[in-house]
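In what follows, structures are represented as structure tokens.
Both of the next two complexes hold chain A, though its partner changes from chain B to chain C.
Then we have the complex of A and B:
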């Protein structure tokens, strides 16, 4: 292979050994040495979500070493992880809290992208892939919730799959496919376990890679001006202030990760993941509630007919996913997008109110 | 129309003058289209070969549908005096038996709203669902209040001596 680059002194040590054989230097350099707008304010949310996913991979793999996915053994195995296995309570509680924080940081990430108009040209596809990532993450939450096989897990799954079964047209076969039969049984547990530890991780791994590739190709959005479009006069970008992604941005991101890790350990220690009574298909406990991110839909189903309560959230998610196709306004600054920002605020307040009502009832 | 028709597959592929290829051109175009159809068909059928058994595998087996109850002893007139009720298993399905002033009634205990298991609330004198507080009339199974869209499915009961049976299937 020939190159115009000036010849450097050969690297020594293990890094040199690898470099002399694989020539990865230019590839890694191209990944790291990019510049980001100095004005970019990401609040490190995307990176935090990625970090949390990494934690889930590690803690999830550890939990899978002790977990038994059958109704007879699942509950006892989780009990054993929590009380017998060294650091078992910590690993399980961190897995539990990371799941919650991952959903929270994803929601905040979506809000950040929306407010800064970063889903607009040329980043429509990145937003679309991000929508897929959000749904996969919720899928992780939903399937993982059943695995402890306690009352809360069991009945959240009965209600959740029942909601899926109420989707017009595809509902009934979808319910059978999800449950592996008409009821929530050992078949459901086996399916949810398989989906949780094999199907979703493979899918999310692929989508994360695509999402990061897109972000790398397009760079971070500038929250103060839209990206120039081909063939149209754009602003002079030569004077735009930028900063290096590596090490400046990465260092800040790393600090954010440490802060998140600290928060996780504190949460897991003060509020460890609990376990209710073993699942009983004959008794629905009183005041049963799903996880906080499903509370809004759960409360909505109390107030409106079932079909409306099921179709409305699906329609809403679809509208959010195809938002870049609907919103043709080029402007990115929130003050100049009063309708979009107003509608989003209304939606968030509505969801917030439903969630609080669901939490109280 | 190009004067030469590319025939090669590699970058420097052979070219045939148009005059020489004239007769083959229409046949060649048909052949290419045919090959394209063949390729598409191959791709679709290959996908079908892979996807069909996967979907078939995922469809639950008949044995996963649970067992029919037949005839199940729900209790006795002593254990279930008027004004009381209980949830019992009939095969793999839960049922609720209530003893009302108009006789012993039994219904499927699966709430018609979101599938939670209803329970007998003695103080309220009603069958209630703990999920969204749906209430049902114990004498008829009809919805009294709350979001359930339909009454509870009734089950046949038989009282023999002082024993209460639920009869299904």
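Then we have the complex of A and C:
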């Protein structure tokens, strides 16, 4: 029998075995074989965040095998993970430091996108989904912080949920919803655990998929020019230098991941995750401080009336999320967006100062 | 006491020409003194007896005067004639009226006339303050105690408040009351000097001068005043010394109401310094377990004239005791026999003023190097010092491990057990029984060693982690080198 269709040489080995059955080659090819602007400067931050998320999935799963989410057993189980379980200290420390680095890389990623104007046409939706990812990641940090059930965890959650309770209108029911009652109790621990290991992973998984799909469809932004809009005169793209995503970009990304992994190994070894005294609702520690990424809001609350201190960060987040709708300037080069860059710099300096003040107090 | 088969006289030729007569009787069976370094025994310490001085007898107290009857007057607490008028007189009188309004007396229906007499129903000076209506004016200082006692010593009157009614009799048993009685000294403290006159507050009120946290300041307001104390020839540095003591810091700095204030040891209404025959009970009020241990000791069998709590720990200047209390560092100073013995009959007499200096409060002040018991003191000091060192060594290693970020909860639990042992051993020193102390210190050293071993294991684990980290980084570096090689090949021209 003859056919006009081109014949392919059959593949051997396990890859061939799969390919002959699922024909994934074209799909994977479409994913990998795209070109990115040679001028694109991502600093690999998005990829690094994805890598860190992967580490969290693995280490979090391992921790869940030993963790008991009840007030009677949570602290002891974390103590056991850290002291008794083989390499438990390493898994927990990596999970702890990865959480911090993930927030840091996300913040840097957001700054990079902002400075390069990569949230503008056609990437508004990608920015929006990214905002959701940032919120979910902070949610991971907030819910995960309680799980060791030590004094620091307990009281940071008491203060954190109280801040949520101060949100105008929805505050009181939000506080009850978060705590599962008027106080931080076993109900709080159970729902924070459930949210941390079920709700947030499902949501973040879906949003990551959408975010990556968008990025894939739109390609990387060129920081030197805006994307051409349909029906409008645009730059001549034929002369623009590009490079293959695979293997060139992936190779660089992989090296960046290794650098981050090195940082993680060093941090986890030199500064392993600690554990304070077991949570005691009757003993309020002298100094309660939240994680570093909440310190700015924490300090702001000390300086301004409570309502302002709670509403201002929420308003700020909303403004950031709908930024593509507010900023109609097509220009992407920072030098030509002095107002946007100036405002962002002010905001970052303000947040930085508040964070440092919060850390010192 | 059973018969003693042997007697040994350790006498004073070597000690200032034989002033000291210390008779030590040694039992050949149960209780050889550990002077030769042999094993000590905690059996009945019958191997010595000390010529004891007779305690100074207590001076008989002058009895309290008969209790005056409360001041009778018309009207009751609802009658406000006095304050209505005094509010208008001047600022001073208005402040007095305000003080009274805020007082516990106003709250409980005790009015002006209860102390001053007169007719409180009238705001006319010619009526309310008329002598004919029983007005007595301001009670004299010598009368005030009776005015207060008229009600406060009346059990029936005080029944609703469930407060003590013995302040009147106690006051007249105090140094203050006795001077008032016997010398008619009206400069001594009377009720109103501590409680105030018009603004009397209960002792449970934190703003009251008599609230335990405020008592040291209250007592110091007179006792730290050199001019006021000059006629009595007593020191005025008690408050300054107390503030720095372990008791003062706990009460004043830590606001810990369990810590003793002046009245805890001296009494409040019955204030007077503890005597040598009462001081053990005074300290034992809080240090109950230590008192019980002390009462097992040879020291406790030397009544009044023997070593008491203050001989080693001081009075107002009590500090946290530690091993320095055993032996003088760098040799024992050349103490006079009179430090521990009566200059007249050489009997044992440990007077408080001989041990005022903290540096003199050492075991070897009395148990000098040539004495039988010195070696036992050395052995006890060694045992306690060894346990303390073992505990400190464990803590040091635990701190080291904690500083490296290691979880040291288990080591801390083990160290806490050692600490309990050390506390028990230090308390057991009050028994002066070497064998009992050594048993506890041995146990403590073992527990401290166990804690140290846990900490050492953590330090070893940390070393392993850091070594492993270097290996992992090396592997990562190797991988990166391979990737860099691939990258270079990828970007190679052609």
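Note that in this section the second predicted complex is superposed on the first by the 355 of 361 C-alpha atoms of A that agree within 3 Å, B and C clash if a C-alpha of one lies under 4 Å from a C-alpha of the other, contacts with A are read in each partner's own complex, and residues count from 1 in each chain.
We take it that contacts are C-beta pairs under 8 Å (C-beta built on N, C-alpha and C of every residue); 3 or more make two chains touch, one makes a residue touch a chain.
In this text the structure is predicted, and so the values were computed from the model without any measurement.
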Contacts of A:301 with chain B and chain C, given as first, second, both or neither: first
Touching partner for A:180 - first (chain B), second (chain C), both, neither: first
Which of chain B and chain C A:41 touches, first, second, both or neither: neither
Which superposed partner A:285 touches (first chain B, second chain C, both, neither): first
Contact breadth on chain A, by residue count: chain C or chain B: B
Touched partner set for A:82, first chain B, second chain C, both or neither: second
Residues on chain A lying within both footprints (that of chain B and that of chain C): none
Residues of chain A that touch chain C when the two form their complex: 79, 82-83, 89-90, 247-248, 251-252, 254-255, 258-259, 261-262, 265-266, 269-272, 274-275
Residue ranges of chain B touching chain A (in the complex, touch as defined): 58-60, 64-66, 87-89, 92-94, 109, 113-119, 129-133, 146-147, 149
Of chain A, residues touching chain B in the complex: 155, 158-159, 161-163, 176-177, 179-183, 185, 187, 281-288, 301-303, 305-306, 361
Footprint of chain A on chain C - complex, ascending: 405-407, 409-410, 465-466, 468-469, 472-473, 476-477, 479-480, 483-484, 486-487, 490-491
